[in-house]
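Two complexes, one shared chain (chain A), two partners (chain B, chain C).
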Partner chain A sequence: MEPSKRVRDSDRDTVAREITEFIQTEFAATTTIDHDTPLITQGIVDSIGVLRLVRFLEDRFQVNVQAQDLVLQNFRSVTAMLDLVINRSGD
Partner chain B sequence: MERERQENQVRLISLAEGFLYANVLFALHRLGVFRLLDSGPKTLPELAAVMGCDEHRLMRALRGGLVTRLLEVDHENRYQVSGVVKDTLGPAADPSLDAWMWFLYSVQPAICQLDKTVLSGQPIFHFFSQLNQAEIRQFSLAMHNYAKSRGADLPNFLDLSGYKTLLDVGTGPGTYAFELAAKYRQLEISLLDLPSVLEVAKEIEAHYSLENQPHYLPLDFGREEIPGKYDVVLVSNTLHTIGPASSRALLKRLYSNVNSAGCLVVQAQFIPDHQPATRCWPVVFDLILMSITPTGENHGLNETIEWLKEAGFLNVASCRMSLLNTNSYVIGYR
Partner chain C sequence: MEKRLQRLPDRVYFLGLLPALSLLPRKIACRLIRRQGRQIQSFLRKHDQSIQSNLASSGFEAPEAIARAFFEVLASEDLDAYYFKHWNRANIDRYFDFEGLGILEEAIAGGRGAILLTGHVGCVCSALVAMGIKGFPVTHVARGYPWEQSLPPAFLNYALKKVSWMEEKMRNQLIYAPAAADPQRSASASLEVLTSVRANKLVSMAIDVVPDMAPQRETAKFLGRICSFPTNFLRIAYASGAPIIPYYTIRDTSNWVRQRLTVEPPVALKGHLRDDLQVCVSQFERVVRKFPEQWFSWDSLSVFLSQDRTRG
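Up next is the complex of A and B:
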């Protein structure tokens, strides 16, 4: 996906794959994750990890993650982050 | 199998060596190296001359700063602070982070003897009772720093629209009450803590422009009656200092301080109720409390909910705030 393009619903598979790959590489070297793996409650991503994820989502998908977005429901899984990216895209 | 064994070795060694890196940070901070580099890069002889210490020993300490990425060297081999230090301890950063560093440094001798505390049941020293006024200020500023940074989103998650009065029990620097009053301009806040602590809260208040003048109640809530009735009673990061038995007794007493249809809010860094404990700080914070207080103990979310119900509060619910905030809160209504 080209980084400058607005993320559409039809991009879901691509975006989900890229988020999964980032988490797999950066946080879950010894665990295999899927789109619904509980990332926070299983301790795969901690608070510094959330900040790194925010930077990744903002840089890669050109979205602006707000302070009020930094809640469990938006980062609990790849699917949750995917929804956040779609919702924030075009803001 | 061999790869897994190697990874486990690295994990264990990293844990065991962690205190060394923290001490490099403490030492460079206490030596004033970061402050000296605020004005720009300096050579080793320049730093040693200002500090009045041996160049070789200083070079070894600075090398510790390089490997921990607290310091960098420029192309002229001059030392400068890294982005981490610049953003957190530099002149433009919140100065009360200095105080937080002081707190962690101060409790370090106790936590280093955790094994003794576990066996004896006694803290290594009584941190709070031995503080002088300057140290109380330092500690309160440390709490202020926490409340202003990771804890600052309480007003975004706790809706106090329609409430008129708030009592903050064990207010410390008063930051949470001030932040709430800054957002909910109708709130009239009362801050309760020991007289020496309230002096610092008054200092912090100067940074806020509040609609209503705060009231200060210089009291020991453990020994003295708590006066008045309020729409909201806030108990923020206080119960862990007094332990479970005193917490339950305090919450029962506070029930009578809450107006009908009012609420009581306990904000804390709750220990996770389920294993594995993935939020590390509340757990290690509990170990600090065991090492430096006679009865202090961090508490879990579910037990706090039960304490509120036991005290008579209704519709008790909890809220986890931002993922960067180790605080959550429990709210119950009268």
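Up next is the complex of A and C:
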């Protein structure tokens, strides 16, 4: 996916796959991650890892994650981050 | 007087004696609280011995004298809280010397906030209040105690009051990072720190946090030992792009009324966790070596020791 393009709803599968791959690579996740796996409560992403996720979403998808978005529910699962990217894309 | 002050119940000490002393002229109150500190030293013999032993094994001469001053500083810090409400922009310079505040102004002008790195040396709470009164948008990451339930109720009552007075003067709330067992609240605290630095605030964090309260650690040389220190402040700086600015507050032990808040230039981060941590720890050690009586963790030095002997 071209990072500079606006992320559309039709890109959901691609975005979700990229987020999942990032988590599996960066956090050495040994468990299978589906879109609704609770990443923080299962210990896949820790307190610092969540900051790396913020940076990844901003850099990779060129989204502007705003102060009000920096809450746990936006990073608890791949689906939550996907929604955040779609909502903030093009801001 | 000395005998009556001995072994005061916590409730009397924190909620009776301290507020009463704060009503006296400052110099008299300072003299009495130092005496109380020496009383505390006399009945905390095991702690006193441990402090002196750790001082001696770290190469300090006259550990008895340092330990005595340590307890005087410790009690003086307890008293400080009751002065917070009296400090304001017009009188704060009577109680504080400031050095390097321009560095904080530059950080604010840079627009990326900053991680203010300190340790349990001098009175961090007083420093935060003073910076808030000076107009800096400062907050602090307060760590939850895993053993909080075992703390005396009178101390908890005092601590809650202290936090409330601090927040009022800082015009910011502390960021509460719970003990590590709660991953959701820990992650929330990290996001709160990120939100704060992105809002161009100065977020203070301590480098000398014990393992029970900050499990993500790395080793560094400290006081001639291989110790472990938390790395969260570095990881947050890497993730946010915020600079790390060391600061510390030292009580003037020649008159006991004044304190000096020193802000140092930002750490030149290389992006290598161990190396960057060592730089920060070495800077902190320099302060501890210069003002050993003002570091509150001498008693718990052993908990910082690392089992990792690969670093020589």
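By our rule, the second predicted complex is superposed on the first by the 89 of 91 C-alpha atoms of A that agree within 3 Å, B and C clash if a C-alpha of one lies under 4 Å from a C-alpha of the other, contacts with A are read in each partner's own complex, and residues count from 1 in each chain.
In this text, a contact is a pair of C-beta atoms (placed from the backbone, for glycine too) under 8 Å apart; a residue touches a chain by one contact, two chains touch by 3 or more.
Here the structure is a predicted model, which means the values were calculated and not measured.
When the two complexes are overlaid on chain A, chain B and chain C occupy overlapping space and clash.
Contact with both chain B and chain C is seen for A:L72 once the two complexes are overlaid on the shared chain.
When the two complexes are overlaid on their common chain A, residue A:S47 makes contact with chain B and with chain C alike. In the superposed pair of complexes, A:T30 makes contact with chain B only, with no contact to chain C.
Of the two partner chains placed by the overlay, only chain C lies in contact with A:R55; chain B stays clear of it. Shared interface residues of chain A (contacting chain B in one complex, chain C in the other): 40-41, 43, 46-47, 50-51, 67, 70-72, 75.
Within the complex, the chain C residues that touch chain A are 177, 183-184, 186-192, 194-195, 198-199, 216, 232, 235-236, 239-240. On the side of chain A, the complex with chain C involves touching residues 40-41, 43, 45-48, 50-52, 54-55, 67, 70-72, 75. Against chain B, the residues of chain A that register as touching in their complex are 30, 40-43, 46-47, 50-51, 67-68, 70-72, 75. Residue ranges on chain B touching chain A, taken from their complex, read 7, 153, 156, 276, 278, 280, 320-324, 326.
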